[in-house]
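Chain lettering (A, B, C and D) follows the sequence in which the chains are written, and residue indices restart at 1 in each chain.
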Amino acid sequence: MINKVVSGAEEAIKDISDGATLMLGGFGLCGIPENCINALVNKQVKNLTCISNNAGVDDFGIGLMLKQRQVKKMISSYVGENAEFERQLLSGELEVDLIPQGTLATRCLAAGYGMPAIFTPAGVGTEIAEGKEVRNFDGKDYLMEYAFDADYAIVKAWKGDTAGNLIFRSTSRNFNPVMAMAGKITIAEVEELVEAGELDPDYIHTPGIYVHRIFQGKDYEKRIEQRTVRKSEG
Amino acid sequence: MFSKEEIAQRIAKEIKDGYYVNLGIGIPTLVANYIPKGINVVLQSENGLLGMGPFPFEGEEDADLINAGKQTITTLPGSSIFDSAMSFGMIRAQKVDLTILGAMEVSENGDIANWKIPGKMVKGMGGAMDLVASAKNIIVAMQHVNKAGESKLLPKCTLPLTGVKCIKKIVTELAVLDVLPEGGFKLLERAPGVSIEFIQQSTAGKLIVEGEIPEMRLD
Amino acid sequence: MINKVVSGAEEAIKDISDGATLMLGGFGLCGIPENCINALVNKQVKNLTCISNNAGVDDFGIGLMLKQRQVKKMISSYVGENAEFERQLLSGELEVDLIPQGTLATRCLAAGYGMPAIFTPAGVGTEIAEGKEVRNFDGKDYLMEYAFDADYAIVKAWKGDTAGNLIFRSTSRNFNPVMAMAGKITIAEVEELVEAGELDPDYIHTPGIYVHRIFQGKDYEKRIEQRTVRKSEG
Amino acid sequence: MFSKEEIAQRIAKEIKDGYYVNLGIGIPTLVANYIPKGINVVLQSENGLLGMGPFPFEGEEDADLINAGKQTITTLPGSSIFDSAMSFGMIRAQKVDLTILGAMEVSENGDIANWKIPGKMVKGMGGAMDLVASAKNIIVAMQHVNKAGESKLLPKCTLPLTGVKCIKKIVTELAVLDVLPEGGFKLLERAPGVSIEFIQQSTAGKLIVEGEIPEMRLD
């Protein structure tokens, strides 16, 4: 197998330069690549375009990059938990392209599957359809949406092996596998890195061919955004 | 007039045995508490889960297991996890039988606006545009009038649209209404103690009243 | 959970009637729904359109249905292992629509993901492009191909649960998960049927929402088409 | 002149460390036996496997584990299994670095015909049309002339095409040739003992010979 292991987040992101387009996995704060985000903050790389379903919170996740004004443009479906984000948006410092969540996911899939465009009914007849091709199939209208073109995809998995194979845990899977397929270069940080052969080939979510660099991350905080519980019974 | 809980309770009666259901944030989330006993229903959470269970017991929260509202949740026996592309794939392919979501405005031709208010900070549409454009069966849970006392059931939406001609049924604190394919809100039921005249006054769009209009029942 | 269990192949296919369009999982003889095929043979349902990567061999798999002339049309990528097939084709009794394997798989995916059409470069400039829309993206030509529209998808999995969740084993996965997503009604036969809750939600290949009927099959032959071995060392 | 084994051996020299490679049926399959020691290469089988290993030992065949030629095979440490949509997805997205396949005809502009002979039973194109349309790097392994002694390297293919302008390199029993973007077969190497004149006679398409043409080496 081809060994994809790098020493850590710093090495993994070392060639990411100003103006790059990044995909960042995660839904809310669940399954985000914490180590790589911190390394990007330390590296102070700027003018980034970030494709990510959400934009983190003020003091965690992509919010840390926003605070340093490293992000020129966010491409997201929902960005509502972030005061600094709002400030930059209203002041015109930050561009935002809001797109439907399913369209976001499917434009990643399209890139990973070599399909230049896809059709979705999401947004037909709304302002997000402006300037887009509408096409009718079987009496229903669809928008044509293009595959994303990202320089890097940065994802977080639960387990990975030295060949780059990834397994995600529970709903921290979310956008991670589709973004992993979609980057020109894909960087994966994992909670546990094992030797090739330790993961069952039948249960791999992202085959190693899609992953270029992998490392075992450290000090995962895995912050919970909405801690909701029920009372113990009895 | 119905409370939010009662709106949720009334909507729950629309859920049939064997349904896969996607619940939006707000009143729709409450619907889960009223799913009739004895029927099998699977809740889909669009961040990638089928078979959403209740909130975890204290101390059992799992940061890796959340719903589309980012709340900590649990799975149930028979649950499955998948990525976001598959999640919206099954939504787009109409494998989800029923979608329940909130709205700021609904028009008499079934358009819905629920994601953006001009001049206010826009948080984004999340999965709402995908859901309304794809679902074969959508129920809107909403207040009949806004805080200024203006009707939210309109001849035409004034806010930016989330989807067009997609809403089939609305449950409010005042009434249950169908949106007719040819246009118009057809009054089906009224909340206990609410008159047809009051519903008429609260409905800016075309209200269609035919025959006896029974009171909403929750049992 | 919603219980999808039926008593067996006969019950699973009982409403399949003459003229139906079926998808049948498998690659060669690997991962084919043996029980359902046998039941379809016994039921003698006719004029079927079968979407399947291959057409079985003379005395196994879809070949058994061909022998009884139950198939009006095959939609496949490769049909070369079957003398009766060849006879029916040359005599005009059987229609065949040959399409590239990746196009076949992606047209299933499109159906399962609610995408009415996809773009693929496969077949551009060849006879299979005739009558199809060609579209250029970024300097490269693609054919527009439509999602399949199948009345039933019939698949074979390794394990399944009463909620319809499926897990496939090794390369018997092949077309099964994509077809499972693509049928208006999807029937799954499994080697081992377990209670809901026994399969790990993280490792389910096909979520139960896509599966309408499931049963534990019996007497699997799992015939090997090309038995190739190397000599034991030492 | 090269044997089939030698053609495979010569092609194997084109495989670089870190390559993901898809091998077609026939001579291409033999290439696996000659992958240079010390480099890491992963074989993709388009029925849904990365990390194809050798044939199993007798008695260890697994009916559920086959390659695209339907042969029983094995996995290697680090292998992964996926469905047919993902398999052709990664092919279409050019994640596979090199595709090696056979051909009936190749034209001087890089068209390939390898799936259909009019009047004969057509078995189907399998994954060949996807592979040739998608791969960034394709090597054709073929005989220079057919059994009737006619050249298979033509100005224009006579058989139905599998793909257009996609072949970059050809290895035959006689020679190694590049297909130039502007058209023409550029002779790179000749098999031991084979003259340029003989290659010229065996090549119906435009052959480009510039400078010294070394003999093919296998070590």
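Throughout what follows, a residue touches a chain if its C-beta (ideal position, glycine included) is under 8 Å from a C-beta of that chain, and two chains touch if they have at least 3 such contacts.
Worth saying up front: this structure is predicted, and the values here are computed from it rather than measured.
Separation of subunit A from subunit D in touch steps, taking the shortest path, is 1.
When every chain is reduced to the mean of its CA atoms, the largest separation from subunit A belongs to D.
Annotation: 28 Å between the Cα-based centres of subunit A and subunit B.
Taking the mean of the C-alpha atoms as each chain's centre, subunit A and subunit C sit 33 Å apart.
Centre-to-centre spacing of subunit B and subunit C amounts to 36 Å, using the average Cα coordinate of each chain. Shared interface positions of subunit D, defined as residues touching 2 or more other chains, are 49, 75, 81-82, 85, 88-89, 91-92, 134.
Each of the following residues of subunit C touches two or more other chains: 106, 113-115, 120-121, 168-170, 173, 201-202.
The chain pairs satisfying the stated touch condition come to A-B, A-C, A-D, B-C, C-D. Those residues of subunit C that touch subunit A in the shared complex are 106, 113-121, 137-138, 140, 142, 146, 167-170, 173, 201-203.
Looking at the complex, you find that subunit A touches subunit B at residues 27-31, 53, 76-80, 86, 89-90, 98, 100-106, 108-109, 120-128, 158, 168-178, 205, 222-233.
Residues of subunit C that touch subunit B in their complex: 1-3, 111-115, 161-163, 165, 181, 195-197, 201-202, 204, 207-210.
Contact residues on subunit D toward subunit A in their complex (touch as defined above): 17-18, 20, 40-42, 44, 49-51, 75-82, 85-86, 88-96, 134. For subunit B in complex with subunit A, the touching residues are 45-49, 54-58, 60-67, 69-73, 75, 81-85, 87-89, 91-92, 111, 121-130, 133-134, 160-165.
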